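Two complexes come next, and they have one chain in common, subunit A, joined by subunit B in the first and subunit C in the second.
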Partner chain A sequence: MGTPDSLGMTPLGRKTAETGINFTSTTRFSRGLTFIRTHTLFGQSPARRIIPQTSLLQENADPQKIAFLLRKQWTLYSVTPMYKFSYGNLKEYSRLLSAFVAAEKQKGLAVEVGNDLGIKVTLSALLGLKGTDQDQAAILVQIASRSQLPVENAEDRVVWSGWFCCVSGDDFLENVPEDFTCLSLFLANGAESYTTIVGTWFQKTFDCCFSRLTISPLNLAWMAAMWTGCEVDSHMAATELVFSVPCLPQTLDISYAIHPEDAKALWDTVQKTPGEVTQEEVNLFMDCLYSHFHRHFKIHLSATRLVKVSTSIASAHCDGTIKILHSKHLIGVLMLLTELAISQIQ
Partner chain B sequence: MSLVRPFDKLPTLNSAALLLVGTDEKQQQQLAEAILKEKKTFKINIHVATSLPLPAERDHIRPRIDLIAFLINIQSKYSLRNVEASLPHVDANFFLGKVCFLITGVGRMNHCSVEMNAVRKLGNLYCSPVIFCELDSEGIRVATAQRLVRMLQICAGHVPGISALFFSSLMKNSIDE
Partner chain C sequence: MKQRGNAKNPKQALHVRPSSQTDLSAWQIGERKSGPKTVDLKSTQKPEKEKQQSVSEQAGNNTEDYLEQALTYFERAKDHIPLRKNEVLQKHLATVETIALQRGLSPEGLDVLLNVALSGRLADTVNSRILKCLIPASIIAESSVVSAVSWLCVGNCSCSTQLLFLRWLIAMFDFIDHKEKLHALYGFFFCSLQDEKLCPYICHLLYLLTRKENVKPFRVRRLIDLQAKMGMQPHLQALLSLYKLLCPELVSITLPAKAKSYFKNSERLWKAAINTVRRRNQATSLTSQQLILDIGHPQSRKRKWNTQLILPACTMDTNKITRSKAIIHADILSHSESFPVEELQTFSQLLKNIHRLEFPSQMGSVLRNSLLLHYMNCVKDESIYLRLYYWMGQTLQEECTWYKIDNQQYEEEFKDFLDIVYKTECFLQEGFSSCEEFLYKSLPLWDGFCCRSQILRLVSWIPLSSFSEMKPRLCEPLAQLFFTSSLYFKCSVLESLKDLLQNWLNWHVMQLDIESDPKISPLNTTLSGLVNSVAELIHFVGWISTVALRLENNVTFLLYFILDFYETVCDVYLKYNLPLLVMPPPGVFYPALLSMDSVNLNQLCYIMYRYRTNLVAAKENELIKKTILQFKFSSQTYQEYNQYIMAMVGCLWTSSAFQKDIHPQGIRLDPEVLKKTRVQEVRNSFNIVHHPALMGYAILFLQQAWPEDKTLNFSLIKGRRWNWYLEYLYTQGLQGLKLFIESSINRVSQASQTKSDNVQIKV
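Take a look at the complex of A and B:
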């Protein structure tokens, strides 16, 4: 009597266990899919972006160092998380990187061992470039050549600079294991040879990967709209858009410059909620500019490719170069670039 | 009479007609040549237009259109606007599987000016398949031509047992159910 019962119970028990397994597996599957959907995939851009109103630098920012970052042309790279990077060992890293740079530069030259080529590398922390408290502190790498003059107190000339930062990246970088430091954006200014040497050292030491960050015309249009709307106290430069015309034997570039106050007035009529920008508003802004151009010149700018955007705040080129002009909006620009860098890594 | 209608003309024996609508004429030429090179058992007429409505003067010479493929270049927002302006000139009966959207230029995503959401929304709104391709690449061009020939064969009724209405079942997202 007991045996049929027990036989009867086991398949039932197994059935409920099976349905239990099926239930959890589908929820995990659908949750995984929604995770993919919320993040940018295959050319998608988000429906809306928030512009923080109080995007000022934090108090412990060094104004001189911040001023050093402005008004320079930086080449953009996206960096995967670095393994076992420690902020306490910056001096050690400086020493190792100096030796590496000197060794790379000496390759192929018959130079006496121990001879100082006069290259000095310094790694320092850049304070104040954080969007939220979870962000890692930015790192500045500088290569300076020691002055050859025998004069005392002669200053070293900086030949190359690069800095890592990550501003408000925590929305996208959840579930990063410990031992990994996420400094997803790398900006470099100076000779390409130094950039490759420094990049190779970081890739070898921290097992990360550098890749050039290109900006699509869609994201450039977002930048044009978002930066035109920013308040600038001092002199406003014209908003300039450069388009490249495809399908011609020789390349033709069209430059469209708009008076800054007109551009801002147009954006103010388009934007509905202050502090938030939606894809429809960006499309409407660009369509207004295109139709104005078409009315005067009978050229459809929507059939061309946007390659460069320059506003009073910053200017960006589709090859992945940026120049930031105002310290007040530095955090806002870096936040957008960090988002692009992270979406390229994912 | 500016609408393109699917059933207002008699079909011709063992042949099918495809209409390509898009702003980039060079791409249309490339695709048309690739389709004509394909091995097939029936005659294909390919009509090419930059936008709809088609001119009314030649309407009596035109055969019955079996499949309309709208080409949208992802690098040009103008092509999307052009297709959106042409869609109202297509009779509603066409959207039962005889229309498809061909998105070209996806090999270069860092040049894209059209957002993916707009394209997907267009496909959902008009209940038509959206096919992504890169016509500059030889292999993908041949594969796209093969797909279009197969779709055309079904839309013209040359495959017994399968009609164009089956295409809508291909587009259902099984995760959503």
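Take a look at the complex of A and C:
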């Protein structure tokens, strides 16, 4: 946790200011890299975040594809910038990746490129998933398996999908040269063996690194607060927090469900400036919930570990999985996740 | 043996020594400074090292000898040798096993052992033990394999040995240097299919060997017959599907499309040993270009697919293939084909192809390739550094053993990785910023124990930046660990901070060279920044040294490391051309002056001599150049020096330490107080005869000069004998003392030494 007053406020609260003597000519000693010296300390999160006002998707979004992203459990990864990735070559990449997946799947057997392999990989652009205009277009990767039986309605069955995106990663993008494509957040759904193959291919081809993106309890608390405060017009699911009690022979999970309207009412009393959330507000919100729980059950939740948060907007688990439920808040959720992914790779 | 010897030579030219804090400035200083003391210190250590080396070499030779003996034994074994009660056989077998599993065997050794194992001269258990330890150190000669196969035809060896041999052959397939003759045996292997037990392994082997021309109608028929006889066996299916893939017109039957695994895993028996040998060979030849064992395709031995500790293999940028399609017209202009990095083996190749070389698809692979590191040094492309930066940053963060509990079991691998990073930094003579950031992130969580030497060595390559930024990130966590850890840890920290200082200073010297180029703007703000940072670092070390000396009761060992640091500090002006001199704090100076050990005292004398030389040079420069210098030493520095020198001369020479010391934290004492101590001849007690660090020499001197006198009368050392004594001390290796006395003590006349005075530098 950083000291609040030491951090400047940028759209995502990232600290960028450099202090001290200007070492203009140190470039050779740490060659070429002076421009990425932003030094966020490990595990530090900004003291305040802004809730995006224009959380709507851009007009060119394909509703079908967006719907495909919702209500699925996605495993989160952070990805370092990809070198020499080109949006113009998506078709070619699809072909190469298909061959690679087929080869990996049938390890030990010879594979003829171009032959029918029973597997088809498609890379396509996901339009409309942008926070700002600087953001690079999101990419959807799908692996479909052809049904073996020659049936008439032989439609390809999607067995695995994953997508890359970067929503409002401006601060980071500014510092990265042209040859690199920043799609820092990767979300995968499907068998892990496919994630492995696709990830390996991207790592080899674009010299990038994939790392699992786990979510700290602190950030889960942020999510709980930020998502509670969001307006939802239609059906509202209960706000549920899951805590894990360590140090027992078997770990004990405590599920704490709150009526969404109650949670919202509480949040409204906590939040001072609309459209903006601060660390103190998040702490206060959680403390209120803890003391309420303590009054009834005599258990100090602050001594346990928050492992899961689910609201009508989305649900997130500390292992690094997320399920987004509401298209209206898709961009907002992705923005926060992008920020976490970027802080992991910086 | 011979091979190993040969392999070493090309390495040496490029090899980066582990302790390679290459002293870039050495060539510059050579002319100005004679530095007899350092030379002296180092030379005493040298023979020790050489001795150790020769001992270890001898040990290596011994094991080699044993192996040779064992191999000759097996080679000469003619008749059937029983296993029981045969100690000679047992001994040789054990030798072969241990060496093979540790280092692997040479092609010749493999040849001998394969022959004996399959000849049927030994008992089955011995055969299987031999086969299980046949780990190649480099390659397997094809001829050995062919002659081994010929033993199968003789039929001397049992079925189980044959089976084990086939499994071995499959596991080692990639290590066989050529495969043409082996391909010629295709028909022979195919005939062996009828053996029911061998069939799965023969299928696997054929699967590895099959080419299109091997697919013949009679073979297809035979396979289908076998399948009819034995049922749908996955190994037969595999071979059939390969036949079908190669010649679809010959295989008309439909085969199920999917099978989980076609073949049993044959590698399992040897996998661990292969990995050990590979890792060992990799470690000993980091920069070697010879691919000892195939490092191109590291087997995944880890739990995660995206683990980055396995350095990526050096392969051509495949992405380039797709890209070049789009920009084909650009290639026409340059009309030069790029040179594949896999083929880059020698330095001359690098020179010839440097214009058409491209970096591998994954930059992480350059760490193992010294040629590419050379190339990297010549290329001014930001993106290659950025690619390396991202990769290294992620790897360090993801694999760090102390912020992910799952990683704890992989400490050895993480250590190896940190070592490689450090060696690369030494090779490039620059620190990686990803490493710096990693240190800043991880030091506050570090226990000071895990990967200690690796982490501390990386500290020495932290790039120079403003100290205000470094202080909370580096100094504070480091100081906390420093104060609470062992003496050994304290010394290690001091050593790495000394290396850090030297790296910064070297960088500065290089920078001066670059900036002497008139095209680049002259240094202005940078120098003050540099001076500030270096000064802050020195002050920081002074502070922790003072505290550490108090905590550890001024122990000699620690003092040695502290004074070693100041040996660099005292020469900053002359050796590194940086206008800065910082005197050691009194908390370091006085413990060294009053030290019980002559090594420390000698070091201190040398340091004070170098301070003097630097200060005098600075003073002269100031006087010569009438122009106002941007930087000059403050009068305070001179004053501090003078105070110290008075204390020192008072102590060692004029026996007036307790009167003349004017330093506020010095050892000046009231005569009244001194009287109360009831020590006789208090005044003399720290002069070069009575000083606790030198008294041993005085005793030896007395014993040699007056062997008959047993009373140890120190007062005899005066007048002419005082000079003899001095000469005696100098011959004992106290060169620092010599330099100090000759430079800083102005002796009025050689006849009457009683009157002598120290030389102060006038401000």
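By definition in this document, the second predicted complex is superposed on the first by the 290 of 346 C-alpha atoms of A that agree within 3 Å, B and C clash if a C-alpha of one lies under 4 Å from a C-alpha of the other, contacts with A are read in each partner's own complex, and residues count from 1 in each chain.
Basically, a contact is a pair of C-beta atoms (placed from the backbone, for glycine too) under 8 Å apart; a residue touches a chain by one contact, two chains touch by 3 or more.
Predicted, not measured: the structure shown is a model, and the values here were computed from it.
Participant: So, A:Thr80: does it touch subunit B (first), subunit C (second), both, or neither?
Facilitator: second
Participant: Tell me the contact category for A:Cys318 with respect to subunit B and subunit C: first, second, both or neither.
Facilitator: In the superposition, A:Cys318 contacts subunit B only.
Participant: After superposition on the shared chain, which partner residues are touched by A:Asp207: those of subunit B (first), subunit C (second), both, or neither?
Facilitator: The second partner, subunit C, only.
Participant: Would you sort A:Leu90 into first (subunit B), second (subunit C), both or neither based on which partner it touches?
Facilitator: Neither: A:Leu90 stays clear of subunit B and subunit C.
Participant: Based on the superposed arrangement, let me know which partner A:Leu284 touches: subunit B (first), subunit C (second), both, or neither?
Facilitator: Once the two structures are laid over each other on A, A:Leu284 reaches no partner at all.
Participant: Looking at the overlay, does A:Gly118 come into contact with subunit B only (first), subunit C only (second), both, or neither?
Facilitator: Only subunit C is touched by A:Gly118; subunit B is not.
Participant: Which partner, once the models are overlaid, touches more of subunit A's residues, subunit C or subunit B?
Facilitator: Comparing subunit B with subunit C, the partner touching more subunit A residues is C.
Participant: Examine A:Gly199 and indicate which partner it touches, taking first as subunit B and second as subunit C; both and neither are also allowed.
Facilitator: second
Participant: Which parts of subunit A are touched by subunit B and by subunit C alike?
Facilitator: Residues 29-30, 33, 42 of subunit A touch both subunit B and subunit C.
Participant: What residues of subunit A sit close enough to touch subunit B in their complex?
Facilitator: Against subunit B, the touching part of subunit A is residues 29-30, 33, 42-45, 47, 214-218, 221, 246-247, 279, 300, 302-306, 318.
Participant: Would you tell me which residues of subunit A are touching subunit C in their complex?
Facilitator: 19-26, 28-33, 36-37, 39, 41-42, 80-81, 83-84, 86, 88-89, 92-93, 96, 108-110, 112, 118, 148, 176-177, 179-180, 195-196, 199-200, 203-212, 344-345
Participant: Contact residues on subunit C for subunit A in the complex?
Facilitator: Result: residues 207, 238, 241-242, 245-246, 257-258, 262-263, 305-306, 308, 312, 315, 318-319, 322-323, 325-326, 361-363, 382-383, 385-387, 389-391, 393-395, 397-398, 403, 430-433, 436-437, 440-442, 444-445, 463-469, 473, 507, 510-511, 514-515, 523, 525-526, 528-529, 532-533 of subunit C touch subunit A.
Participant: Mind listing the subunit B positions that touch subunit A in their complex?
Facilitator: Listed in rising order, the residues are 23-24, 26, 74-79, 81, 106, 109-117, 175.
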